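What follows is a pair of complexes built around chain A, which joins chain B in one and chain C in the other.
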Partner chain A sequence: MNNRKYLLKKFMQAMITIFIVLIFNYFLFRVMPGDPIRVLIRNPRISVDALAEIRAQFGLDLPWYTQFIYYLKDLLHGNLGSSFYYREPVLNIIMERVPATLILVGTGTIISIFLGIIIGVVVAWKRGTKIDIIGLGICLILYSTPAFWFGILMVMFFAVYLRVFPTGLMSLPGVAYSSLLDQFMTSLRHLFLPVLTFTLIYIGGYAIIMRNSVIEVLNEDYIITARAKGISYIQLLKRHAVPNALLPLVSMVAINLGFVIAGAIQVETVFSWPGLGRLMYTALLNRDYPLLQGLFLFLTTCVVGANFCADILYSYLDPRVKLS
Partner chain B sequence: MSRRFNGKLMILIVLGSLLLGLFSLTVTTKAAEKNVLRVGLLEEVESLNPMIGWSAAAYEVYNLNYDKLITWDENLNVAPALAKEWEVSDDGKVWTFYLRDDVKWQDGEKFTAEDVKFTFEYIRDNNLGYFKDYVSAMEDIKIIDDYTVEITLSDPIAWMPQIYVYILPKHVWEDIDPETASTTFKNENPVGTGAFRVVEQKKGQYVRMEANEDYFRGTPEVDEIIFMQFGNSSTMVESLKLGEIDVVTQVPANHFRTLENYPDIKSINAKSANFTSINFNCWQDPDSKGNKLLLDPVIRRAMEYAINRDYIVNVATGGYATKGSVIIPPVLDFWHLKIPEEDMRGFNLDKAAAMLKEAGYVDRDGDGIRESKDGQPLDFRMFLRSERSETIKAARVMQEWFKEIGINIRTESMDSGTLTDKIYESDFDMYIWGWYVEFDPNLMLSVLTTDQIMSWSDTFYTNPEYDKLFDKQKIMLDREKRQEIVYKMQSIAYRDAPYIVLWYGPDLQAYRTDRFAGWTQIPTGGLVVNTYTTETYRNLHPVK
Partner chain C sequence: MSDNRTVLLIKKKFSSFWKTFRQNKTGLIGLGILVLFALMAIIGPYLISYNAASVEEISTILNPPDSEHWLGTDDLGKDVLAGLVRGSRISLLVGITSTIISMLIGAVIGISSGYYGGTIDAILMRLTDVFLVIPWLPLMLVLTAILGANLLNVILVIGITSWASTARIIRSQTLSIKERPFIERARAIGSSNFHIMFSHILPNVFPLIFANTILVTAIAILSETTLSFLGMGDPTRVSWGMMLHFAFEAGATIIGAWWWIIPPGLAVVSVVLGFTFVGNALDEVLNPRLRRRER
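Then we have the complex of A and B:
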């Protein structure tokens, strides 16, 4: 097998996964109780003719297999259907919300990974000492804290008590800014609390993984050899321990993406952040099936895509996993 | 790719981002020179097209962007808006509206009778939105001159002239395919005659409206209104305390107490047009999937005797709601039937038990639950809406009282959508929900008529006497006489008890007093925003 073949195989696997999830999603929403038409028309006084017309318009009058084929066909054309609630194409609505989530989740994830690695390495290095006990304790507490509650605490402390950050929202509309820098700084202020909450919620998980992984590596024979050679602690960590310990973290980050989105739902709801998480929450409340289905598909693709990237990255990071 | 772990770079990045965060502490935003009113809400303005949207948030925006022919004053009397006067023929069928001649559309075009005729016909002929009920009886709409419209109805209508329809500009809407008008048309730049105009919408974030300087009832002093959508009520309330927003449309009961003595904030527990009720399945059809025992009003009445309303109002709503009685809430002062306390079915477990016994419901097998003469146990399902914690609390308390009189209630929570399906399949025994009652009692009264079964009816209640009275009040133009009929209907509905009205409200709002003054409650003692009028927005002026 050569490089290309390996990639192709991984790619095909990813595609098959997406397709299976797609079928599962599609039928999941078909077996849910209730007639979607009732969600679509909130006016029960509608005439039978008008009802039939709307049914036809959304293709709900066709048999399920025809509907499914149409759905697949539309999908190939990049059409995810039309939202019941907003009466707009699903893809447009999702794309409108992607940047907000990307900023929040992206910044939060990057910071929590960096800090998680540092904390993990430090506590692993100092394992058995007070630093380890306290550090691990804090990590476990953060790891098990519900995002929603933690977010409210953040609002209470920073926004209400200290009054240094706004309680939520992505920006304060209707404010005239004296300069572009001013506007940028305001955006940062709005971003601070959600990102801080997000970072702290995930930092624990990454730090714990990193700690375990570093400890494992530190017990390897080659570490003992390296120490016997007289290499300094810092060099030992930098050159031998950390790079090898990073491997489990890479897969963890990719697998975690699904849970990260779940965290985004809570953080976005607390801070009124107009991202995908809150969109999903609203769609659920309104039983907006096409939108939910579109969101699920979108997120599935992201998670599968991230895992695909992790696979490739792995082969670079770990010489034992060869592409060929 | 380098396999080297670059710790220094990472530390730099982390420190950098921390510094950036700290630096942002020192930045303060400057308030705009403009008078901006910020309204905090939880609901989304789902569409700017009035033929699609239905939420209270969307209606608030439409009310500001558009006008109707009429509006209401603080006593809920009909007041002029686009129509300055109107008169009705003796037979009540021909209405003549005299329109204002100084009104301009927000795009500068003149408003005329053509627009009124167009709007009503466009909605009537294309069956659009929720407005068609107001125009479906209009047989003929005639333009007498540029500012006079004559509307001929098929029958007299008591709620006229309260036509709840936003008048649309003909020159914009005549180009819109009626097929898309209530399905995909976004109406992104709505053109109305209203006091404010939507200039920007960010989905899931806010809707921004600017004052209409040419507004025919005077230029508003508020330059801009921003409806800001929050993800949860806790942060919204904190935001109000911090002065980030000026008013909260809906304060949850558990946060209300913290606002009651807060500096610069006025909190109001408004007279409410909502009620929360236990709704019974009264369908006599053999296809009904409800428990047939509940067709006996004795059981329904006995259950009402087993409810201590004072207690559940305290437990479930923090004491902010008002005890319930009839289906027209007291805020509709003119129409609400006041039942004297002694005629109410007040809390009396002995009386409830005695009633059931007398009607032949006794516990025959000693399990603590009564059975009917043919052995059917008084064992019912009660559906609850999972998103309404107050009704779930109330149900838990009531369950105990019902048990004491020998009625077993099994509660089940579900989301509103699922419950709606159950209701339309008549697959329920009872559930807790409620209604928001319009300023005119007609729609609420109609819900209990036989005609509304499989439509607005949510109990399948039927009573020929009630139906007859409904048809009579519907065409009764004399307000006093109509009031008499409306009273009679409420007392029938109370006697037959298809609903047990548990409580009215609570409608809790709060606003800041340090930036704007002129907050107006509609009706007197009512809400300041979400009132179906625009009084507050037009009366507000900055505090100097």
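Then we have the complex of A and C:
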């Protein structure tokens, strides 16, 4: 398969996925019990005629396929409806919260991948020894720990018991800072615990993938050749094993995105971090359906897009995939 | 006669299986943990009285552990240990039943996709890919919010959202089994497709399904805990996740009521570890040739 054909196939797959999600998203929020008009208009004595008129105004008397096309049209114009609770357009609310999540998730992901690679390589190098067993054990325990519970323990220990870090939020509300440096340090202190929680939860997964990948690469023929040439072990790892072992990690990062979002929802909830995850939690508690629907669509589109990017990146890094 | 022989055969198979399993140390530890929690769920509630009668007495609210309440009390003066024991029933029940649903869907989709191939395979695999790529927690949260947060819906939602990886594994296994001579033989003597899938392919993919089931149960329990913590659990049937939700909402973190936070979480971690240990051990014993597996 040539390059363009491969990319086209992947692009079509991503588009089909998004379309299925759109249909799903559209109908899901329409099978809900209750009449949306009745919810909006809280007058129980409204006449049947007036109700029909309002229904026509909102286009609810049209057949479902016409409604669906209107829904798609609105989406293309960036109109995701308005939140019941905030009384604001959903897209605006979501966009306001994106930076906070990006800071948390971005920092956490970069640190956990970086440390995960190092731990994975060390553990693979020492495979079969005590370090390997202890390392794998810790990774497995962290994998089995609910992210939110780990976050709560962090808050209880560092913020409530030791009082060295704030319990939550991104900054202190209503405080004037004496200098920019002061403001920066405060932000850093607020960022520390959430990022630490996020990093520790995901380190295990990356480390295990890296470990298995390095061990697999070490069994390849070219490694034996390199060894036969008399190359030192450090050089072997640095020049041959690690660069090749990094490949599975690329697709792993994309596949893991679902878990990253799950982590963000939990960590942001525990630390009152004003991002998308916390927004989802409050939308759930308020049963703010338009906001929930918008958030779900936004997050899913991001994940599908990221997976597509990872596919492209992977096909450049490892041309063999296009052949299969 | 033949019944007797089958029993003997099963006994023999089981004893050889047990012999291999016994050598797996982590598998045994996992099994021990699971037996302990199963006992706790089955007979625990009869041993511990769930006494919330003393609510009006301020002195019993949020007490740290003492000789009367081994794990202290919550903000309503209820015994945390009793809540933990009762919660084990809900958490295990949801984990196991939702896994059964997920396995049924995964097996049906995986086997029919691999067996029929062609258009059916293409459609089913596209559907599987969609379920694999959609971020699972938002999907579960949105579904539960719409259907209503009660025990049955939580079970259904976890079941219908977590079958995708199972379907993938079973499909690839079905693909290789369907090429074997005995399937061709069955087809030659006129067996129906349904009969071949049910009585020839299913028994052959079963060992794989079995090990996978145990691993999926671990994930299902984690999912239930997370859903409940985020307020999408059944408030009348308090699981470990729901206990943590109530504790968090009552500000147990800030008060420093560690006795209310640590036990439910530790219980979740132990059970999930137990299932993971047993699942991995079963995988090694039942599928020695398929050792290479991701996650």
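The working rule: the second predicted complex is superposed on the first by the 276 of 324 C-alpha atoms of A that agree within 3 Å, B and C clash if a C-alpha of one lies under 4 Å from a C-alpha of the other, contacts with A are read in each partner's own complex, and residues count from 1 in each chain.
In the analysis below, a residue touches a chain if its C-beta (ideal position, glycine included) is under 8 Å from a C-beta of that chain, and two chains touch if they have at least 3 such contacts.
Quick caveat, the model's predicted, so the values are computed rather than measured.
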{"item": "Fit or clash between chain C and chain B when superposed on chain A", "value": "clash"}
{"item": "Comparing the two partners chain B and chain C, which touches a greater set of residues in chain A", "value": "B"}
{"item": "Which of chain B and chain C A:I20 touches, first, second, both or neither", "value": "second"}
{"item": "Touched partner set for A:I203, first chain B, second chain C, both or neither", "value": "neither"}
{"item": "Partner chain(s) touched by A:V122 [first = chain B, second = chain C, both, neither]", "value": "neither"}
{"item": "Touched partner set for A:L136, first chain B, second chain C, both or neither", "value": "neither"}
{"item": "Chain B versus chain C as contact partner of A:V105, first or second or both or neither", "value": "neither"}
{"item": "Partner chain(s) touched by A:I94 [first = chain B, second = chain C, both, neither]", "value": "neither"}
{"item": "First (chain B), second (chain C), both or neither touched by A:Y86", "value": "first"}
{"item": "Partner chain(s) touched by A:L218 [first = chain B, second = chain C, both, neither]", "value": "neither"}
{"item": "Which superposed partner A:L249 touches (first chain B, second chain C, both, neither)", "value": "neither"}
{"item": "Chain A positions touched by chain B in one structure and by chain C in the second", "value": "152, 155-156, 160, 167, 269-270, 281, 285, 287"}
{"item": "Interfacial residue positions of chain B with respect to chain A in the complex", "value": "1, 3-5, 7, 10-11, 13-14, 17, 20-21, 23-25, 27, 29-34, 36, 38, 44, 46-47, 52, 54, 127, 129-130, 133, 183-184, 186, 200, 202-206, 208, 224, 226, 228-232, 234-236, 238-239, 241-242, 244, 387, 415, 417-418, 420-421, 424, 455-456"}
{"item": "Interface residues, chain A side, partner chain C - complex", "value": "13, 16-17, 20-21, 28-29, 31-32, 140-141, 143-149, 152-153, 155-156, 160-161, 167, 205, 209, 257-258, 261-262, 265-266, 269-270, 280-281, 284-285, 287, 289, 292-293, 295-296, 299-300, 303-304, 307"}
{"item": "Complex contacts: residues of chain C adjacent to chain A", "value": "126-127, 129-130, 133-139, 141-143, 145-146, 218, 222, 225-226, 229-232, 241, 244, 248, 253-254, 256, 258, 261-262, 265, 268-269, 272-273, 276, 294-295"}
{"item": "Sites on chain A touched by chain B in the complex", "value": "33-35, 38-39, 42-47, 50, 54, 57, 82, 85-88, 93, 96-97, 107, 111, 114-115, 117-118, 152, 155-156, 159-160, 163-164, 166-178, 182, 185-186, 188-189, 192, 196, 238-239, 242-243, 246, 268-274, 278-279, 281-282, 285, 287, 316-317"}
